[in-house]
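Below are structures written as structure tokens.
Each of the next two complexes has chain A plus one more chain, namely chain B in the first and chain C in the second.
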Partner chain A sequence: MSARRDDQADCDLAILGAGPAGAAAAVEATALGLRTVVVDEAAAAGGQVHAIAPGVTPLPRDVDRAGDAMRAALARSGADCRTGRRVWHLERHGDIWRVHALAEPSEPGKGGVAETVTARALLIATGAVERHLPFPGWARPGVIGLAAATRLLKAQRLLPGREVLVAGAGPLLFLVAKTIVEAGGRVVAVIDARRRRDWFAALPAMATRPDLVARGLNWRRELLACRVPILHGHRLAAVAGDAPALHAEVVAIDRDGAAPSGGASVAFRCDAVCVGYGLLPATDATRLAGATHRFDESCGAWRVDVDDDQRTDRPRLYAAGDGAGIAGAAAAPWAGRVAACAAARDLGALDARAHGLRAAGAKRSRDRAARFGAAMARLANVGDGAHAGIAATTLVCQCERIDRAAIDAAVDAGCTTLNELRSATRCGMGPCGGRLCEDAIARLAALRTGRTQAGVGQPTGRPPLRPVDLDALAGEFDYASLPIGTPAPL
Partner chain B sequence: MTRRYDIAVIGCGIMGATAALRAAQNGMRVVVIERDAAGSGASGVNAGTLSLQIKRVSLMPYALRGHAWWRAAGDAVGFRETGSCTLAFDAREQALLEERMALKREAGAPIEFLTPRELHAREPAITDRVVAASWCAVDGHADSSRTGVYLRALLREAGVETREHAGATGIASIDGGDGGFRIDLPGGELRARRVLLACGAWTADVAARLGVTLPIRVRVNTVSVTEPGPRRLSAGVGHATGLLTLKQKSSGAWLIGGGWQGRGSPQEGRGEVVAETLLGNWRLARFAVPSLAHVRVIRCWTGFEAWVDDHLPLAGPLPGVPDAWVLACVRGGYTIGPCIGPLVADAMLGRAGDLPLFDPARVLASSAPATAHA
Partner chain C sequence: MSAGDLRIGGDAGRGARVRLTVDGHRFHAYAGESLSTALWAAGVRELAGGIDGPPSRPVFCAMGICQQCAVWIDGRRVEACRTQVYDGLVATSVPPEP
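Moving on, here comes the complex of A and B:
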């Protein structure tokens, strides 16, 4: 790595994530004259919602016009779009952000190429991760997340199975089920943790985007037309057996997500299970960058704290899209534009008046769409009753194989925060970095300590954001060139 | 009602906790006050290396006794006596190694020299670029992340009151009466006859509240861990300069440290990993053990190490403040803490130990005498 002068940067604005927020921000930023670099780990821009796989041609009915338009606008914008890069570290030296990335390896087994982008401003638009609720069998082959299922279906054109049980909460439930049916699979049932009246209660907030309400109702209608059973107020309790012969047990739950003892249970046979409980803002990058986060009680999730202009409390650090609070794909491009305007203002490319005019419309559109998205996020946030019912022997952290009993025992031994629990049990410390289990661990810790989830805290942000191949970064060197310092005192 | 204690220890790391345990054994009523969680500072984030080869010669008697404490702690802290080797890759490093390890052996560490052939017979994964090596069979490691849980359990068992997540908002000497100290905590004040400042990199901040400026400096040490891989290495690996610690844990995960510097300060709250220095650390590790290639690093972090110019401990009375004591800046403190903590606790009750302490007064500039009573 060559020495860098702190006062020179490769670009004005670096954007992490080429999803709806990041791509719109890049288009706006270049239009405002900012030299912009966009970095994304996927092979093509689009984010999760508009993911495509190179070389896979979509069928005519699957053509994603919005995604294609987004990619075309990004290509036209003149932004330097670097896809296939995994960002592993963020640093701020002087007034400059350093974004450390690894390019995809040229061939399998090779490590990849290290690359550092320096920027005067940094926008983090890394989207969301899926919330999981641990249950016996959730690590079995054949059981995947709803978000993973959408990627499989949309980007790879693969069915998760022929006979699929779709379970969880939130709008992805119906999107996944409908897409499986369209792609020729059978959905044995849709298991929705929410009752119908919960959906009705969300209607006032959803009314800000009647188009999205209509789309959702359509999905549901299509499923009913195919005679797919939809069980509201139920939750997946366990999956047993080995794929393709899986046995799923489904139980009725109360408003808080708890399954009353002796309550009814229904069994399903299937060859795959898709399950997820909504989305959580991906906060690993914003934590690593040192921004302040706050806990959003209504959605039950941490998010980076941003002002009306998408600014965090770190200098020239912005966040937009679901990472700054689940607001949905419809709100994300507007938030991205607002962030780009703020960066342009802060870098001196827009004066106050021009900034106010340019950002105002985007803010209105963002807020209107965000009300819909936030209502969906609340709907997907199933109560703590579901977590209270997790059995002592159920694995909570899959990577380190930590069950609930171990977490409860660590709390009883005096651990009160997520950081302490991680140190004491190694939970959330495996290759997934806690993305799969952090929410469940925090909720279990909150239940056991009697604290709020906010009181349990977030883990400290640490690099690498994704596991990195040691050789890719540290491979080629000459021993004599190693900067070995003064020997330790004798 | 204000709670009263014989001794208040500020800082629940390995130093403060082992001092508190001894004070309680001595019949004192003790409280330990910790702004974060027990063992959450350097005691919990260091690389867990318990190596006599990287201890200072003058601290070797302390390191030997501390090492015995960790061995006794055993499985509860993940203690493993793996043995470790220190490597030299060129003539300069060989000279350094031979000079240093001979002195450490004289000081009591069971260190021997190995030929490269003998080294490879023991640890075939180590590079053939080694020109000289030393070996210490009792070296090993612990899981530093489990330190806090272990210390907390010991303190509970000993009846020592601990106040975690309770940053002291104020600390002051009480004039008149019986003297002693008033400590303001979020939940109310408490009083103690004596205080011990054992808060690592934050020790100077607390001392400053008592009117004493300690010239403590801070290093920001980086540690990395990989995901589990095939077992290739049993022993710990170090470098003649002391700038590498490398071990493969029983899980198969590799732990890479050696004091490569990150950024940040205790006052800012956390340190930051610097990519550039991290790569130097990884390269040295990879050079020592070539099979480290294509292992995925899953986490890197930093810890603060306090030190003063002569790299010797501050262990004794806080100059100018009667009944205030300090224990910090112990190089190799994770190993040595369980030895020097009890020594300081004994000294606070006027009991002379069998090993000398390190008077903090030596680091204060003679032209600026410390003043008591903030």
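Moving on, here comes the complex of A and C:
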């Protein structure tokens, strides 16, 4: 493959992800004269926070004005917005970033279409994934993620159940619970791993966004008015039974997430369980692109290392939004703008002075909003005590059906890093690529090796970023077109 | 309580009623919904697949990450949560015979 020259790229800036960060970056970049392509796997821009199902009209009370405004601004911007594209690989050839994607099939039953975007600069704004804490029964039908519940409720207008247990940590707990109640479902209880005093301790950092604090308090008040029990300092210990007749066992935990032995447990009957422990930066794309990552102790998560201008340590590679450290949907658009300014500066579309002036305000707004988001991320980071208490027979990697005992045994046999654990056990190598269990495996490995979570490292980023149809990638290419050399004479 | 009750606001603002078949069972849904939504609303919490691999459930992450809702439609593996239903859709949760 011949290396393309700098001026032969399809565009100046390719943006992965049309969520709050990516969309705002696209608007800013086009305003600064950059030819911009935005790629997103969803059918419509918005990211997880503003997700919509194009075929399901929201009820009047649920119309997402901010999301609609974001989509309208993106459509007006002149950026080439390619939704329905699943990016599976990123490469750098010479001075060009190549983004390999698979477009949705043109009609049902058809294969996707392979597509490559080449760009002089690349911004990764792929957001977050949910953190899960393995427990007996988390692979049971009727148990879903908290983030999944928000998608069902908001985009699909679907209740997860009639009698739902909402458990985990972080602000999504209360959003999901109040949305279920509003929609006519019953929340049997909200189980919050954080104690009330942990929430109070977070208040100073949350004070930067009194509006969001007030909104959260309102959700809580609505739940209490509907007599929904809210158990702080508790954790979902197990789910048994067959949906829709599920039995959930809930235990009290200490500050570190550990359930004291002999502590009391509370049982709930429900037909669905929504559980999640906050958000983790999605680092698969930035790892694949070769950027350096850093472990953030307070949030208990890896994130790509970016400078004040959202630049990574790879040439013309930027990251913004929750992928660059959980800062929340309010900070993301500002981070996206900062990244767009940096790309414009690096590509010569802005001089140093103009760049400084333009980026300064966005940086201030970003940093202010990020304090609230980071406080939420810290709050959702349940201590390792919860992981220490995972039973030997509890599934940790659902895809490969690997329990804690297998992970501990591999560590005892000499594994010291996540990569080694992958090789030894295949944990995190199933269809989800470790996106569900990587955090739990890393914490268990850290506990068993006595190293820090930073010490056990991250798995190497590898393509494909998402499962893709090889047939579709091959496209028109068929077996007969394989070049076959003349056999050597015998 | 019927499973259909789970649709907030009923069929208002949803597309035309469509028919689909998953693992040989027939369901009704509304155009524009995801296949995950259609199955969940019909009371399906577990799919036939997933004997050796990951659990096979119509919903876990609902955003194309966990792969537990993977089904085969017309010989192609797709995620139910990222597939919009259409009339006559036929899916299986186990791979088709090669």
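As a working rule, the second predicted complex is superposed on the first by the 467 of 490 C-alpha atoms of A that agree within 3 Å, B and C clash if a C-alpha of one lies under 4 Å from a C-alpha of the other, contacts with A are read in each partner's own complex, and residues count from 1 in each chain.
Keep this in mind: a contact is a pair of C-beta atoms (placed from the backbone, for glycine too) under 8 Å apart; a residue touches a chain by one contact, two chains touch by 3 or more.
Please read all numbers here as calculations on a predicted model, not as lab measurements.
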Partner chain in contact with A:Gly356 - chain B first, chain C second, else both or neither: neither
Which of chain B and chain C A:Pro464 touches, first, second, both or neither: first
Which superposed partner A:Gly430 touches (first chain B, second chain C, both, neither): both
First (chain B), second (chain C), both or neither touched by A:Ala474: first
Which superposed partner A:Gly142 touches (first chain B, second chain C, both, neither): second
Which superposed partner A:Gly78 touches (first chain B, second chain C, both, neither): neither
Touching partner for A:Gly485 - first (chain B), second (chain C), both, neither: first
Contacts of A:Val129 with chain B and chain C, given as first, second, both or neither: second
Overlapping contact positions on chain A, where the chain C interface meets the chain B interface: 109, 111, 430-431, 467, 469, 471
Residue numbers on chain C that touch chain A, as the complex places them: 1, 5-9, 12-15, 30-34, 36-37, 40-41, 43, 45-46, 52-55, 57, 59-68, 70, 73-74, 76-77, 81-82, 84, 86, 89
Complex interface listing, chain A residues touching chain C: 41, 43, 48, 51, 53-59, 86, 108-109, 111, 129-130, 139-145, 147-149, 151-153, 156-162, 183-184, 243-244, 398-399, 401, 430-432, 435-436, 466-467, 469, 471
Sites on chain A touched by chain B in the complex: 1, 89, 91, 98, 100, 109, 111, 116, 290, 410, 413-417, 419-420, 422-424, 426, 429-431, 433, 460, 462-464, 467-471, 473-475, 477, 479, 482-490
Contact footprint of chain A on chain B as seen in their complex: 37-40, 44, 54, 56-57, 89, 96, 100, 103, 129, 145-146, 148-149, 152-153, 156, 164-165, 226-227, 239-243, 259, 270, 272-277, 279-280, 282-284, 286-287, 292-301, 311, 331
